[in-house]
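Here is the structure we will look at.
Chain IDs A, B, C and D follow the sequence of writing; residue 1 opens each chain.
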């Protein structure tokens, strides 16, 4: 209820601060009998991990996850899965300055108003470091969805500031440090980021996430539509400022004849809806896209105030990502996996595993 | 859990189908001692009501709400508030055709896959008729927020297909059938809609919603951020395909120095964040914007399939809104009100009504 | 969250005051495809209904339930089921006295402290009149459990004050006004109740509830054990002061060799556990027993205080049950049905409808 | 949703198996600004700890709790509190026998039916070892309740098999290994337990728990009454078979004039209700009593079956408590603390910290 849980039936509850002892989470509701080991999570964690290229923060964290419960003889038992990642790179540092001031566009100011106290070391709970647990938990969901339902969830960076990917070549996504599916744009992105780093500034980005082979019928109208829960999940990722499903904001200028996805016995003729009709999956690929803001932690000075209300000039010298969007791809995939997993279980609760006689039409 | 409730502490649970006996909802968690009567809700319901201009559906519904419980001697008692609206204009009609076919881009197909049965009359539960209860419940939240905290929630249509409002004059919003804040664009919108109706097509729209005087401190990191819950709430409205907070998708091409809202003792110098930092309200106006798709219920024929998987040509001859975005403004306001109300109660639960010594800086 | 919902996946949310316009509830999560009509609920409502014998309150309520949504062409659709019962016998009465005073052992005093206001007419929300909706919702659960799983839920009055039923003859339970399974004790109970009514006093009772054919595997350790949720459900019924599962308080003086239910391939050799092991159903009959206190609404004067803190002598002259336990049997059955239904759906969510190879042993 | 969380606003989610790597929990919703260290929890943990006398299991566990998050500079921050206790005494042992058989009256059989797999080492998740985290979390609630509201929660063993405490001397409770408040009965209990251990059998017990200084107004009618949530909490403790509030099962034979607690300006004249009226605290002491069954893990042989359905003779040679009730006192106190804490936050959410003008009458 205080916001640290996600999912109603596949429930992830997380804890941990940027510079605390450890991060952790509990996954409750995972079906029993799934083969699971730390290695299943580590691959995704490594994709999110800081310090893997010169375009991300140089903080060094092994992000080694440890399973504390819920897995026995290599399989989930249906009991809660406790996960923990120890924080290792908590540089000792003088925090006396940051303790007294509110950095512009940071959560310092709002946490203080909310709680009256705050852990100011590295942003505390408001740090994106928390998303490591999302990735770990998402890996569990992803594995189940892949093995039992054949669902595949993949993401990529489609825009880095002014540079747009124009091709979608899935094989390229993990061949470059940007998760960019268009190999031709990679050199441009590299040059852009190098210039940006010299400048001391940061930039926004867009991430697209796609789930293929989603069965029709997932989603709970009217409030917990699949797309609404997905919007919730994706907007809860640090730095996200916008979420689109299918045509998204493009739908504003579309006419009905253009937007509506016609159906034939062979399949849908388009996917403007992004795989969701009336809040329920249609069997088409689930398409979501998110906007991530540029980080506000800059060495370029900005105006802030201190805890007494006095003006201060703020310079942030820590190790920060100049484009937080770059590392967001595995996080967005993880959140989509958690949402789909949760809705699969919710669907199964009410409707069972019944085979519906309605024809499932193909996917284009 | 089956999706018909919204809000954790100010909880709205609704029921009702388009052509069923009645719509209703239960509001649980409303604080006691609030003056409340049907009239408080009726004003908002009337703004959403169909048939008020030639640009909306001609279905006639009085949408008269009745309070069945939770109010005594004109005040809320803290017990659940039961509300009901009887459906009056359920035209008797031959549904044999629609019963057998899946209209393109409708929930017919997905409801059938999910449940194996469906109420096909007028879309049943998937009809936007359901949103009447959101508006009624939202009016209760809105009243509390206004009276106790001075929060004001207002929305407007900022784009109707290709036509954009370029001025924001709040006084104009209720002077035209489009909720358009730019009086100069109204004739253009009228002409556009008249042409569209002749054509038989429909169009998308954009709605903006703003809450002023939101106190800092509302929102529950990390998953139930104020903006994440707002995204959930707004994306759950029929036809919504995208949600933005503050700069939204514009943040993709912004640099950090441009996006970060600097603070001075007199106030924030900008509001790119849209009133939320780290998922918690900052005291700035809360800014959200949504994209609504064009309705798919058209008299222009479209390709669909029937329940046996055969191709059919679908023509929808019912009374439908050519731009569902037009009536969406009070619905979006209602959902923002419910989210803020819920987060106010959640905040109060954990943090009490404590006065934080941190200076609250002004709003620009 | 404010206490008016029960069940996580089969969720009943109710509203309504004793002397308000109507009572109602929303059932969310009911599986689709179940045949359902008002008649299915009316039979159970009639068993709970006041005024059916001289041993219960003489308030006259038809308790006619109306289905407002969620059922189409005689079957549930999976969408929320809205139910309403209009209050008809709200005798106009002078409430000025009760308005100012707190009756001993009533909720008047605590509601006032909690909410600062209260609907004092007939107890308002604290009246047992609210339980009518539990019975209606329970009837839906009961029907599903019976039809799909063969589960049968039955209750009876086992003690009325000092008089204990010594035989359990299910055929007798509905042949007398006490739900007593021992026909030989009925005359004694009649005489006792007649004397009590003359006296102006009231008496406590014990109700037993049994579910047969519960499949093994229902219940969610560690906090939402089947028995813990059942204790919650039963203790939430007005006037209940104690709950036992299986041996109950008798287990205090039992030795392990006496309490543990041994198993053979043919079945369990006893049922001290009451059908639950480790919080999960074992396949044995589920056995619960509850204690109901005597009503405190008496015409015999009692000491109370008024809203100003002054002492008052309280005499309650309304129409009250001298033994509220008598009408509690269908309510307790309904709550057990809701708990089992909820746990069946919860089980199915996590575990599916898998057939476990473990041998299910017989029931003795 | 899978049963490993308790509390709606003060939420404890736990994980861990008897012989797994560690136990842990996350407390979400704890108010900020509370002084908290491991020492606050350790005192209660030590009271529950095994091996402190010859009357409990000889398993040796330090039960040292470690705070991983949510506390900064000695105070809670309002963010989730992660706790972990490493398991240290997991004797290596041959589990091949227990792996194949279902012990009578254990959760082996039901876990297997529910999940299809189970961690058979020491009972896995069904072991009472899990309650260590309840005690740790309860200590946090207890500290808040004590400091902010002056609430004091204490428990004691009132019956050990046939031996009843006849005096309530709080000073004695922690002076003997049984938590017995009647010093005169301690030698009798010692002799009884010594005989029992020789015999190889086990015995049931009764625990009483009392909360003093509970303010009036806590509890959420109608389903989440304070007593109903308490029944849920207490019945969820391993081995509990019955719960009573106030007069409990004694109310069956009480008359209304005897049961109803009369009120005078100086206070209530009795406390048959056990501190709850209409599901809401009255300001009187909150009184609960629970029955605990004898453990079924005995070295005396019992009949069970194996996983193939064949009959087996089961002898349990592990280190087990001959009376699990003895160590249950701190667990029951912890659960009462969590329930009260949760209801305090729930009350504050809806009703704020308002001072009600209604006179609060004294406690007798």
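Going forward, contacts are C-beta pairs under 8 Å (C-beta built on N, C-alpha and C of every residue); 3 or more make two chains touch, one makes a residue touch a chain.
Because the structure is predicted, anything quoted here is derived from the model rather than measured.
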Lowest number of touching-chain links that must be crossed from subunit B to subunit C: 1
Chain pair equivalent in interface to A-C, over half of contacts matched, among B-D, A-B or B-C: B-D
Turn needed to bring subunit A onto subunit B - CA fit, degrees, nearest 5: 180
Most distant chain from subunit C, judged by the mean position of its C-alpha atoms: A
Inter-centroid spacing, subunit D versus subunit C (mean Cα positions, whole Å): 26
Inter-centroid spacing, subunit D versus subunit A (mean Cα positions, whole Å): 38
Inter-chain centre distance, subunit B versus subunit D - centres from mean C-alpha coordinates, in Å: 45
Contacts with 2+ other chains: residues of subunit A: 1-5, 8-9, 14, 29, 32, 78-79, 114-116, 125, 221, 346, 349-351
Of all residues in subunit D, those that touch subunit B in their complex: 1, 9, 29-32, 78-79, 221, 345-346, 348-353
Interface residues, subunit B side, partner subunit A - complex: 1-6, 8-9, 14, 102, 104-107, 109-116, 125-126, 130, 159, 161-162, 196, 201-206, 216-225, 227-236, 238, 241-265, 269, 272-274, 276-283, 291-298, 300, 302-305, 307-311, 346-347, 349-351, 354, 356-361
Residue numbers on subunit D that touch subunit A, as the complex places them: 1-5, 8-9, 11, 13-17, 20-26, 28-29, 32-33, 66-70, 72, 75, 77-82, 84, 114-119, 124-125
